[in-house]
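As written, the chain order gives the labels A, B, C and D, with residue 1 at the start of each chain.
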């Protein structure tokens, strides 16, 4: 997404605060993957991957990879005590049944109603939705991590998405390099502004209105 | 009920134009020995059904890269640029399903259901061209079952009756694909006599498996290597 | 069914001739259960039970029953080498997918088109269809074992069933105390007559016409 | 994520009028300790969902015999005459499904599908009152998913996260029922610390299980004894 390492890490670190003890979690590829590095040791969670593992652990040491133990992105993983292997229908059964407490995803656009577009980029070859529709539509909490604007400086948080939707009204929280914004029934609500920006900066970089009454920092 | 055959005998059932369903997810759990033999056999115009298009030189991805598939039913092709390129050039017809829906369609075919109802994608692009039904005031898509002339899967162990167990996350779509083939060929790392597998640990009962072949092991370098 | 032991055994013995090496078989309760006793030792088959076992073996010795290892009728069983345990959806997946080579069932009525009624008896409390509809509709071969007539002497093989159907046009072969009758596209065909009866006896006891051209004994 | 509770705590979730789904088949695999506690708790007007009505004094059959169920969704009641008697006296409302359809309806509820399409019973009594759809020229019944306020299941072993393994043919409907409860309570013969079960052997992942209780063992004489 063209962010510096420290910005990516800051976003991942902030996202980790959304993770509570006992949660079942699915992390998307990219920055969401980094979130696992910032979960405090006393917070016990189970990571879910849609190919068919509940209880993913950290990456294996180099040379200790097992080609038959990978996440949905094909990257080697380990498992923690209490992990289980199952077929992919059960992995998506957990998802559709609403048992994922949180999913953390990237996005191209998010609308003020929480519509999510993270699938099709116009002009690019369509790569298929994979598990994105299932996850966005069914996780109890959907957190989007992204740059506040695209590489041309255009807002990615908009009144109406221009790209085809992955799912309607699904996003609960948006964490960007500039701010943390909640999607509520009453519209967007600015919760936090990154130290090097002002509320006005965030307003200019956002393509939709938001409430600031709940600003916490 | 002895189902162990040579790879050569097994792949004779796969012909140009066959529908071929392949177990695995991102290359992991694709059957390497059968895929190699299929490539060498020269068949083409296949209808491939698989979770994804793999990677260009890994697993099922090679069948696409070598131009042997005319049609692909999958949830994702992002890791194999050749799939997108051929689609763009009208050399490959692709039908996408959300991943959770795709695997349920394969399962539905495998267990003889007429389809499933799901609200995944009911208000978006996924719904295009699909029939909707309203049950208890809620709209659902009718998603049709998937079967294939031949299913090929990768197992950790098979016994001579075709009972299968899988290996860690390489289980993924394999038990589903194993049920959905008119003929199912299982490639196993190890083949054991009937009675050696614990009845509790068997994931796929031999009733679903027609042919068992011995794996020669993975013949590709993994994407992460 | 009000048959003597030797008649029940004769029917079960004849039914066992339909069983070929390599078959996957589901036996109903009653006489069908006895069929297992007459399969030759060199014919290897796998018995399926709809609660979730493939590879049922003979009954355990008295005192060696395991309450957690029973057939669909709740009767203790054993398993043979190659057996597997699975949940009931997979048991019926095997059935609906057409992987049962043969099912052997009892019946109240069978029509000349192969319609089967073995579920609801008028005037009696409905007990539910259990797995009978699945089995009758989806097994590759459906063999019915029954008395040729009911206890009042009325034919159970009829032109049209009077009882509600379990499944239409599903029966392939009828084995009774009097005869063996095949259901073909062209109608019923008498294959065998039990030694103590004549073709005329069978005609009188049957409520539908049948061909006798293929009579083998 | 420690889910082990006392039986008393666990059954507090079951109230008069609750829908209660019970794992098992012909009594085998019904959870004995939970059923005993439910009977002692005095709840009634339950909607029971179970493969069958068990036997009068065995397993789930006792809940019917004692008049605690107002409604039953099952495939068969032949082994429990009380069920038929109460149905006849309009004390018990019964909905029958073919067995293969019933278990798929429970699974559909458990994995969040909107239903399944099947041709089982499409031309007979089973079809009465059900919607039909035609897919590729073939008629199918729409069969709706089943869920319940509470599911109770019987396992051989559970770990403290609620991962379950089952015992031989007592597996039957238990893994399906375990997925379909809004709250799922698993009664296990043995409860082990997290990490003691092999990830390959786990049949029901702990995500589906809310509460684990220790079984006191079967408290009925079997029908065949």
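Keep this in mind: a contact is a pair of C-beta atoms (placed from the backbone, for glycine too) under 8 Å apart; a residue touches a chain by one contact, two chains touch by 3 or more.
Fair warning: this is a prediction, and the values are worked out from it, not measured in the lab.
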Legend entry - Pair joined by the larger number of C-beta contacts - B-C, A-B: A-B
Inset, instruction - Could you give the separation in Å between the centres of chain A and chain C, each centre being the mean of its C-alpha atoms? - result: 57
Inset, instruction - Would you mind pulling out the distance in Å between where the CA atoms of chain B average out and where those of chain D do? - result: 32
Legend entry - Distance from chain C to chain B - Cα centre to Cα centre, in angstrom: 36
Legend entry - Inter-centroid spacing, chain B versus chain A (mean Cα positions, whole Å): 29
Inset, instruction - List, in ascending order, every residue of chain A touching at least 2 other chains. - result: 53, 79, 85-86, 89, 92, 95-96, 138
Legend entry - chain D, residues touching no fewer than two other chains: 104, 111, 113, 118-119, 168, 199-200
Inset, instruction - Select the category (line, ring, star, complete, other) that matches the graph of chains linked by touching. - result: other
Legend entry - Every chain pair in contact, whichever chains are involved: A-B, A-D, B-C, B-D, C-D
Inset, instruction - In the complex, go through chain B and note every residue touching chain D. - result: 104, 108, 111, 113-119, 131, 133, 135-136, 138, 140, 142, 144, 165, 168, 199-201
Legend entry - For the chain A and chain D complex, residues of the former touching the latter: 21-22, 24, 44, 46, 48, 53-55, 79, 81-86, 89-90, 92-99, 138
Legend entry - Parts of chain A lying in touch with chain B, wherever the complex brings them together: 49-53, 65-77, 79, 85-89, 91-92, 95-96, 120, 125-134, 137-138, 164-168
Legend entry - Residues of chain D that touch chain A when the two form their complex: 1, 110-113, 159, 161, 163, 179, 194-195, 197, 199-200, 202, 205-208
Legend entry - Footprint of chain A on chain B - complex, ascending: 25-29, 51-52, 55, 74-79, 84-85, 87-88, 94, 96, 98-101, 103-104, 107, 118-121, 123-126, 156, 166-176, 203, 218, 222-225
